[in-house]
């Protein structure tokens, strides 16, 4: 780990009319690392993700990607350098089918003028689309219009669309929110498996401690715009501050731990 | 691309349909020919509006470009004596697309009702200028001399009719090609989800700008052809807000279903107005307005969706 | 010089009062129902026709001239009630789910229909209902005769502005409306009868549109096509001020009114241009208008 | 339900298509003993009440009388060259481009034999080139811009109304004669061909007739049909010029008068209204006394009481009988255009010995001199296509005895006193100081 980190966030701050939504955030992430971001509602998780992907401009501080300063970059340029994201509420093209969604995403991701003037159904794109659909196990839904998909499948599509340009860093904002309990692990298995194959650094926001414990290498715990804990999951989830401010009380802790243990 | 075009059913229909129209046009009664000519010319502007509509944008001010196209023809005729259809079209499309390009930098940031209203504001600025400036004909406008084709002055209207049919066919095929490209498929994508398009790495503003300039150029061509067909330009029938309203009306009436729909819509509108005018010279607006309401209520996807339903039913029953 | 400045200001305020009364209804309807109502111009024309008809009839029947003032208000209330409720209940209510621009287009269709029904009902001959204007006479201000009626227009605009402000901030209904503006769905969930709020707001908007027309009727010839120019003018005012904002409509009217008066006095050829140039300029700098009302967070 | 509706729509569309085909077929048939003529006038919009409808009434009255042969001698022969006229009325509202489209429909769809009408100068300028292109005889009835025949020679267009030049020169002559002490003048005119030309020629004529006179530097040109003139009235009240020239017509003149009245405008300013005749009747007693008023010919208020001319007497009486109001300028103007067409048809039919073709009718119409309801008309300008006739002005005075509007100090200026000789452009003639003008 001597080379530059994939992501380096230094003293990042964001205030909304005086209220600090992010206060002196310092984070480093290495290549291929999988990091879970936890915190109560309003703790600043999404603000953090939004700043890194350029949706919000930080008030101060810097964001470096592979040593390059990408602070305040436009979302599309974040994508260009290799920082992509998914959304808490799936952002897909609702009136298109799954296949059309991916084809559109793929043709944009190619990033060259010629591709934009070609049909999105070009043979190479079709092959790539097929691969992604298989990888994310949505191939059965290929001709289904996005608005009719179940939440889980829509999430998978959302993430599949986020990775079309083979990002170096992927930020997933609550990949399992709105997904039924039965589907959750299935989805995360698919996603993490797929992303590991790509070798991307992943940061994902998650409320479900079972998922955090099972999939991540490291946890960032947020509280009132600050990172109160940055440690491996076993440590982090036992940290008293995290228990008090994030997980919330003994009951939650016990459930989380026993559930986590059960799966482990 | 050409391979896919050859396979494209719509392109085949456009070529066949417009070819048939160009041929039968010669045997039509003059007034039918006229109405079709006006309708097709207007259809070009509607085609541009349809592309915007598919992107989720409606403009209440495209009479601006329609008017620029028409006045460009009038002015190059009056001041430079240019009567050639190609030169006139080049000036008209160039002028309207250029203005669209400039205003596009502002307009591409706006959506929904703001986009509609800002367009209206710009078109009314032009109206305010035209109405007041005597050298531009003020309220009266001025007449446009007969159109020639590469130095040949045709004796009857049929040549212009055929030229307009061909121009519209070219416009329709080009737009169809455009919609079939990845860039074109962004229309629906942007309407559905701008955020996603941005995060896929494409500038929504730029995509909208491209479409906006395209729609401006098409509206300019439309106004130019109509000015040549009518032989007259004036602010009230070319630039005032009801003209923009009419264009949007035809767009909605035609429906977003196909690039052929705008031309169908334009022609239907022209006949609707002619008959309404004849049937009730004192209350023709009532008929036109009532039709508009009826379409919005019962055929929100326009006449084209009606045709599609009929075709589908036929397909199933036979 | 001073006389001229005074005259320009008075001319501007006179026009501004007219613009404000017409556009305040439009802006209220937009604020609450999110509808850009092109048919507002038709309410204006209907108000003018109804008032002019009533006043000329009353005059022929020998009633005193001042009765015209009562008729102006009666006409606007009746037109607003009848047209407003019919249109909201029968047409707009079925469209709220649609795209706002499509609804605007539907109101354009309504405008065309209502315009021509005027011809059927009232005929093409112009109406002259000058009695209320004549009975008030004139007064010299700044060396220029001004009609008192136009000055009362100014007073009416102030009354309408204060009335709207009072109704929206001091009454129970006003608070309900504020909640509905803030978030339609939440207020529905809270048990507010949103449908009734919509109906009432639309009727009030229609009444104000009709009042504008009715009050202007005595000063001019009420003839077919009466509402057509008013639409874009009031659009301009509403857009300049910020769609849905009453103080915005006030400021927008004053800006347009005074600028137009300056243009007429000093640069007559810019008269029409100035209104829309201001509108375009404001939209470029502040697309939401000078006084955009607060919006609920949608993300 | 939806299916039912769709089916209904399809049936209706099919029916509409059948109707369309039927209408096309019907359009082409036309018998020899009847002719179809498009009559264009304002049926909607602000100009319909004061101009369009009186014009339509005048046309209808005279068409019916000619079809029945009940016009007074010498015009009492039945029909138009023996044929009965079937008028098709069309609305003039909307811009010039719309008028062109409707004109094409009239000619090519309805297959009319001729088109008569047009009030607005904007319409006339738009229609004239199309009339020549479609080669359809077209008689303009009201519009006044001199550009119609001075910009370009026309092949199929005629105009039975004298142009704005005559109206303006007559107004200037009247002012110089009656109010020689009022040296400066301003104006309020609509900003299109008619308003611009009216002001331009009034201004030119005043400068020539009284070199000491002076125009204001702020003449007002509001948009036609704007209806609100408060700021314009203020501007003119602040202006030192005692005379205000206006060529307002349609609803605008009435709106202007009403707004001016309460502001004491007419006590302070001498208004010269070129064509305010329509407002005099509609405003009745409200119309101020002392306005210098013209009607663009021997029409309306000027000749209402004058029963010496049998044609005028017939027209006023019959019109009043049928419509219960007095005929206005446009009524005369439309009646005149219809009569002119009849005379041309009669003459051409006689020469041809049967139904004349269009060329024969046109050559009969050219350079014609005839007596109309407003006296003698001579088609002497524009290569025999543009009428000249006397124009009169008077000063309004309420006739308390009859309870009707009245006019006094009426003066007529002969056609040759206010129009350039054939072949000379109006502007050149005025700039030269109106050489050869024959006034008595």
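Read from first to last, the chains carry the letters A, B, C and D; within each, the first residue is number 1.
As a convention for this text, a contact is a pair of C-beta atoms (placed from the backbone, for glycine too) under 8 Å apart; a residue touches a chain by one contact, two chains touch by 3 or more.
These numbers come from a predicted model, not from an experiment.
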Open item on the list: If each step moves to a chain the current one touches, what is the fewest number of steps from chain B to chain D?
Closed with: 1
Task: Centrality ranking, top chain (CA atoms only) - done: B
- [ ] Could you see whether B-C or A-B has the larger number of C-beta contact pairs?
- [x] B-C
TODO: Select the chain at the greatest separation from chain C, using centres from the mean of Cα atoms.
DONE: A
Open item on the list: Need the CA-centroid distance for the pair chain B / chain C, whole Å please.
Closed with: 33
Open item on the list: I'd like to verify one number: the distance from the centre of chain A to the centre of chain D, where each centre is the average of its C-alpha atoms, in whole angstrom.
Closed with: 76
Task: Distance between the centres, which are taken as Cα means, of chain B and chain A, whole angstrom - done: 44
Open item on the list: Please tell me the distance, in whole Å, between the geometric centres of chain A and chain C computed from their C-alpha atoms.
Closed with: 51
TODO: Could you check chain D for residues that touch two or more other chains and list them?
DONE: 43-44, 221, 223
Open item on the list: Residues touching two or more other chains, restricted to chain B: which are they?
Closed with: 131-132, 282, 284-285
Open item on the list: Touching at least two other chains at once: which residues of chain C meet that condition?
Closed with: 116, 119, 124, 269, 271-272
Open item on the list: By the document's touch rule, what are all the touching chain pairs in this structure?
Closed with: A-B, B-C, B-D, C-D
Open item on the list: Help me check something: in the complex, which residues belonging to chain C touch chain B?
Closed with: 36, 38, 91, 94-95, 98-102, 104-106, 108-113, 115-117, 119-120, 124, 228, 231-232, 235-236, 239, 243, 269-277, 279-280, 283-284, 287-288
Open item on the list: Looking at the complex, which residues from chain C come into contact with chain D?
Closed with: 3-4, 7-8, 10-12, 14-15, 18, 116, 119, 124-126, 128, 130, 133-134, 136-138, 143-150, 216, 218-221, 223-226, 229, 260-261, 264-265, 268-269, 271-272
TODO: In the complex, go through chain D and note every residue touching chain B.
DONE: 5-6, 9-10, 20, 23-24, 28, 43-44, 89-91, 94-98, 100-102, 104-105, 108-110, 121-122, 125-126, 128-130, 133, 190-193, 196, 221, 223-224
Task: Residue ranges of chain B touching chain D (in the complex, touch as defined) - done: 29-32, 34-35, 38, 131-132, 134, 138-143, 145-146, 226-227, 230-238, 240, 271, 274-275, 277-278, 281-282, 284-285, 298-299, 306, 309-310
Task: For the chain B and chain A complex, residues of the former touching the latter - done: 1, 4, 180-183, 185-186, 188-189, 191-193, 195-203
